[in-house]
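A short worksheet on the structure shown next.
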Amino acid sequence: MGLTVSVAGASGYAGGELLRLISGHPHLEVGAVTGQGSVGAAVGDVHPHLIQYADRRFTATDPAALAEADLVFLALPHGESAAVAAKLPAGVKVVDLGADFRLADPVAWGAYYSGPHAGTWPYGLPELPGGRDAIAAAERVAGPGCYATTITLALAPLIAAGVADPDDVVVVAASGTSGAGKGLKPHLLASEVMGALMPYRVGAHQHVAEIKQATGARSLSFTPVLAPMPRGILATVTAKPLGDAGAARAVLENAYRDEPFVHVLPEGRWPHTGATLGANTCLIQSTVDVDSGRIIVTSATDNLVKGAAGQALQCANLMLGLPETAGLPVNGVAP
Amino acid sequence: MGLTVSVAGASGYAGGELLRLISGHPHLEVGAVTGQGSVGAAVGDVHPHLIQYADRRFTATDPAALAEADLVFLALPHGESAAVAAKLPAGVKVVDLGADFRLADPVAWGAYYSGPHAGTWPYGLPELPGGRDAIAAAERVAGPGCYATTITLALAPLIAAGVADPDDVVVVAASGTSGAGKGLKPHLLASEVMGALMPYRVGAHQHVAEIKQATGARSLSFTPVLAPMPRGILATVTAKPLGDAGAARAVLENAYRDEPFVHVLPEGRWPHTGATLGANTCLIQSTVDVDSGRIIVTSATDNLVKGAAGQALQCANLMLGLPETAGLPVNGVAP
Amino acid sequence: MGLTVSVAGASGYAGGELLRLISGHPHLEVGAVTGQGSVGAAVGDVHPHLIQYADRRFTATDPAALAEADLVFLALPHGESAAVAAKLPAGVKVVDLGADFRLADPVAWGAYYSGPHAGTWPYGLPELPGGRDAIAAAERVAGPGCYATTITLALAPLIAAGVADPDDVVVVAASGTSGAGKGLKPHLLASEVMGALMPYRVGAHQHVAEIKQATGARSLSFTPVLAPMPRGILATVTAKPLGDAGAARAVLENAYRDEPFVHVLPEGRWPHTGATLGANTCLIQSTVDVDSGRIIVTSATDNLVKGAAGQALQCANLMLGLPETAGLPVNGVAP
Amino acid sequence: MGLTVSVAGASGYAGGELLRLISGHPHLEVGAVTGQGSVGAAVGDVHPHLIQYADRRFTATDPAALAEADLVFLALPHGESAAVAAKLPAGVKVVDLGADFRLADPVAWGAYYSGPHAGTWPYGLPELPGGRDAIAAAERVAGPGCYATTITLALAPLIAAGVADPDDVVVVAASGTSGAGKGLKPHLLASEVMGALMPYRVGAHQHVAEIKQATGARSLSFTPVLAPMPRGILATVTAKPLGDAGAARAVLENAYRDEPFVHVLPEGRWPHTGATLGANTCLIQSTVDVDSGRIIVTSATDNLVKGAAGQALQCANLMLGLPETAGLPVNGVAP
């Protein structure tokens, strides 16, 4: 079909995953591939797994070059998307994988981020009520964060249905290391990570505002944990029930019955992050805690796919009038 | 000093860890070393890391042979301790690493375990108020479970001090695979575990009654997660505050100021399970969630040491009149 | 195009990987899906990552049902392929992923395997000289083993070109655990594997005969190692040079210049098994040892893809007159 | 006994391991603890597992402060030991964990290292013939490298006994990531390492000269591999036999019969790096390759213990007149 997409920030993990997914997409070709510290380097030096693009070279993040495509993915560090987006002409569609345009409320923005609030774009989670249509109609879309995606898919239908109390939500979520990016930080060294778990930014993570906005939660306790695996998020969401806790599972089943990428598992089976590896899939299971009566929902995604690049591509498909599922694996790579 | 200890069930992971720790103990010698499926096998075939005992052979779990020691460790499968213990003469001290004698309430027992309630022994967590003295005075002690230890150390002082609401506690805790033992189960195969997280027995784990008894919690939501590492537990305990949430950290610091094995970390540092590997150490950090105001306490242990064999040895030291810390490493093996 | 393939032994790791690849194949549909211990179970219970087939059920390995397809993949335990293949009518094409039909020499068979020699089918390694044509013309093909594939691609061109001495080859190759299958063996438990390396069947592995046959080596020292990762093989092949050792790299480059799945890396880059995850790709690099002058070739594959299911599908494409690369990922899933 | 040892470079992995081992040593106390980038930092911030030293602070690497101890360990980056050692007075004993003083031959030095050859100290491998006495008599000792230790223990007795041909040795050895230190390099990030193997410096590693010197090998092909585990080295050493290959195993058994730290395993058991974790132990097994007739010896160590800090402490014990095994664990921490 001759549609072209360009990727700004393609030397990072989310950018590399975009390239991988685009390589298997039946209707898209890759245009500009930009990277900051990697300008001039071969893709194969930075992403040795991307055999098909091994000889391409990263160029500078030049808005004019990016704008030659039908759609631009921005996979840039926090705070850099706004400046690039501002220089892209109106006719060019944009999906931003960063946080710059996710929040509607400037006060919420100011509570968690530094710098001015850049603005608000439609939120790129197609499975939310109205999400799909809003994305399809948009020129610019803000892709959700990986934690926010995994938690929102588990929780939003329950709050919307009045089954879960939005004033008492507790979330503990563990992520693989690719969620932290490629920064050279001591705690991300393999020697430190392998064989161990560690919480971080406990009770103060910058994605809290986004999760509250997307789920409707009014009080959210959030503890993120770094897990010894390259990819994957497992979220454990517990909420105080309003009315019949046992209704929660049916609410989730109804919400996702026709969704291609979100699956409520049969009873007795729990989400395994390994089952989502490389796939744009979210697996969900729910139960009622025997002792406390709280609703417990667990959900699993691949943070780089449904949590980042896959979801961005799902949005791009909608924005470009392509089949929503084009180029997006549903089956994970396991074991 | 010529004291001898025997180990029933020494072919399992907890039993092997007991042997490792005893090998470095200045006052103890190993007596009978028994194992069921492994009778006749060399220790070196089952535990290739136990070089010093490589040529010893496992014998059958014979109470008479076990009773030749000053103290017997029972590291047997669930439900087997009671029968063996009943055959040990009154003068022989016993530390049971299983669940048989942990619960005081037969009703609570019946809710989570099959079979009759065997009875109640003093609970082997020296750091609980009065725990140390009760253990020192006991002939028989029930060693706590690994999850229960890690969660109780994080939570019990807060409930006792009236800072945390016992009616609203949510715990998510992830464990390394050795906590599941050596059973040949498909979900414990390396291919399935590596690179992935999976919850299990969500909202219905059999240790809930023990945790409630030990912490004083009246309502407990508990989600256990299997993590891709051989050892370690990271517990995230959140509780609704009663009064000043900010007082929680000081309560924990006061509770453990003089404890050799439980350490509240300086602010800004979070527990890393890797730092406890091989050590009888529990690391704790606490904060107040910015959004929800809940108290969040995270704690880390090595499930086989402070969560099993190390704690059992700590109890044995008390029961035998030895220094409580003898033979127990405080520093972990890292990275 | 209406072509159908059936998979015998689909409950194993290689069988599951066949299903995953077929799900992304543009010209193939899945017919019978059989499994032995799993008859009647849902695919989703055995392979939770295969979302698209989650509700299908494994049937018994019935030759009549298998034979309704255009091609049958046999992913059966060692020694079971011959019996099933004998019952498949002549018109049905077959690719066997097991060892039964790989060896031409019954004496070599007898040296490494028990049971009678079932016969010899064309060897399913398309990149060998003449391999592609022989496979395309065959009704039945014997898919190579994972070690054999990885080692042969590194070594065969050098022996064929007279650059490497076939009488002095030393190979050490490490494999992820999925290569050992799903058998419930103690040394495959996650607790035993994570964080550790262990050699096995040193100097006596049953694939030696196959590797010698495929490479032309006359003397082969082979040490396999079990590595703490679910997938991937890294082979280190060293050979005494005949003539100019420095010519080795050019020989490999020439051999694979037009191959879609085998890539000699640019100098300075070494094969990383992670870069092949989920892809039908073999990465190769070669150098001359500074001290000894030996040729050292290292090669990396995903043992379940180029080492098993992907290669079988590559053969099937050739046998069915489809594009050889159809449905076969080239880019790995990383990090 | 009042002996004090100081550690220069204590903020690195080998330095941290020295502190861990010294904490369990019955006769030694820690003196100065120096670190370069970490001067002023608490030990607990850099090594969270070293609970007992958590509140100590790293000081600058000042020779005068170091010299107040009975013995100084130098765990410094390559090339920095010589300058510090030159400023330590003659009466202070020194064990260097770096490469500066290992090589006897300045030409060999120049072939693998930059900078002038600093000199030659006795080689700190007590298990070599004469090694123990030379170390005990020395004021300054050069601790062997981790690869060199693991390979030399497997090979040196065979060459000395005339059983292995020194002109045809091929070694492939895989190491955990702590062997690469704490440098912030992209290929050492957890996301890159977990789940994957990668060779590096193939056929050109700087330890080749040291291994040849220590083993007597005249031609050595050496391929190092980075493995997804924090600790451990597994070396596969193959050599062409001279005379009866089958004699190799007995030669090794005789060489190490009375050694406390080097163990030739019973036949049928292979070295598992996990069994050496945290221990000053080397496990060895040997066989004759069925096809090639080559001798294959595999050996496993913990690279930070017998490969670095443990061996340095073993040397220090000899130099200080202490029992050679004091403070050195023999049993590993497993699983």
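The chains carry the letters A, B, C and D, assigned in the order they are written, with residues numbered from 1 in each.
What we mean here is this: contacts are C-beta pairs under 8 Å (C-beta built on N, C-alpha and C of every residue); 3 or more make two chains touch, one makes a residue touch a chain.
Just so we're clear, the structure is a prediction, and the values are computed from it rather than from any experiment.
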| item | value |
| --- | --- |
| Pair in C-D, A-D or A-C that repeats B-C, with over half of contact pairs matching by residue number | A-D |
| B-D or A-B, whichever has more C-beta pairs in contact | A-B |
| Approximate Å spacing (C-alpha centroids) for the pair chain A, chain B | 38 |
| Chain C: positions in contact with at least two other chains | 13, 176-178, 191-192, 194-195, 228-231, 272, 274-275, 277, 335 |
| Chain C residues within the chain B interface of the complex | 13, 176-178, 182, 184-186, 188-195, 228-230 |
| Chain D partner contacts - residues on chain B that touch it in the complex | 13, 16, 20, 23-24, 42, 44-45, 47-54, 177-178, 194-195, 230-231, 263, 265-266, 269, 272, 274-279, 281, 283, 329-335 |
| Partner chain B, residues of chain A touching it in the complex | 168-170, 172, 174, 176, 191-192, 194-200, 202-204, 208, 212, 219-223, 225, 227-232, 234, 236, 238, 270-275, 277, 285, 287-294, 296, 298, 300, 335 |
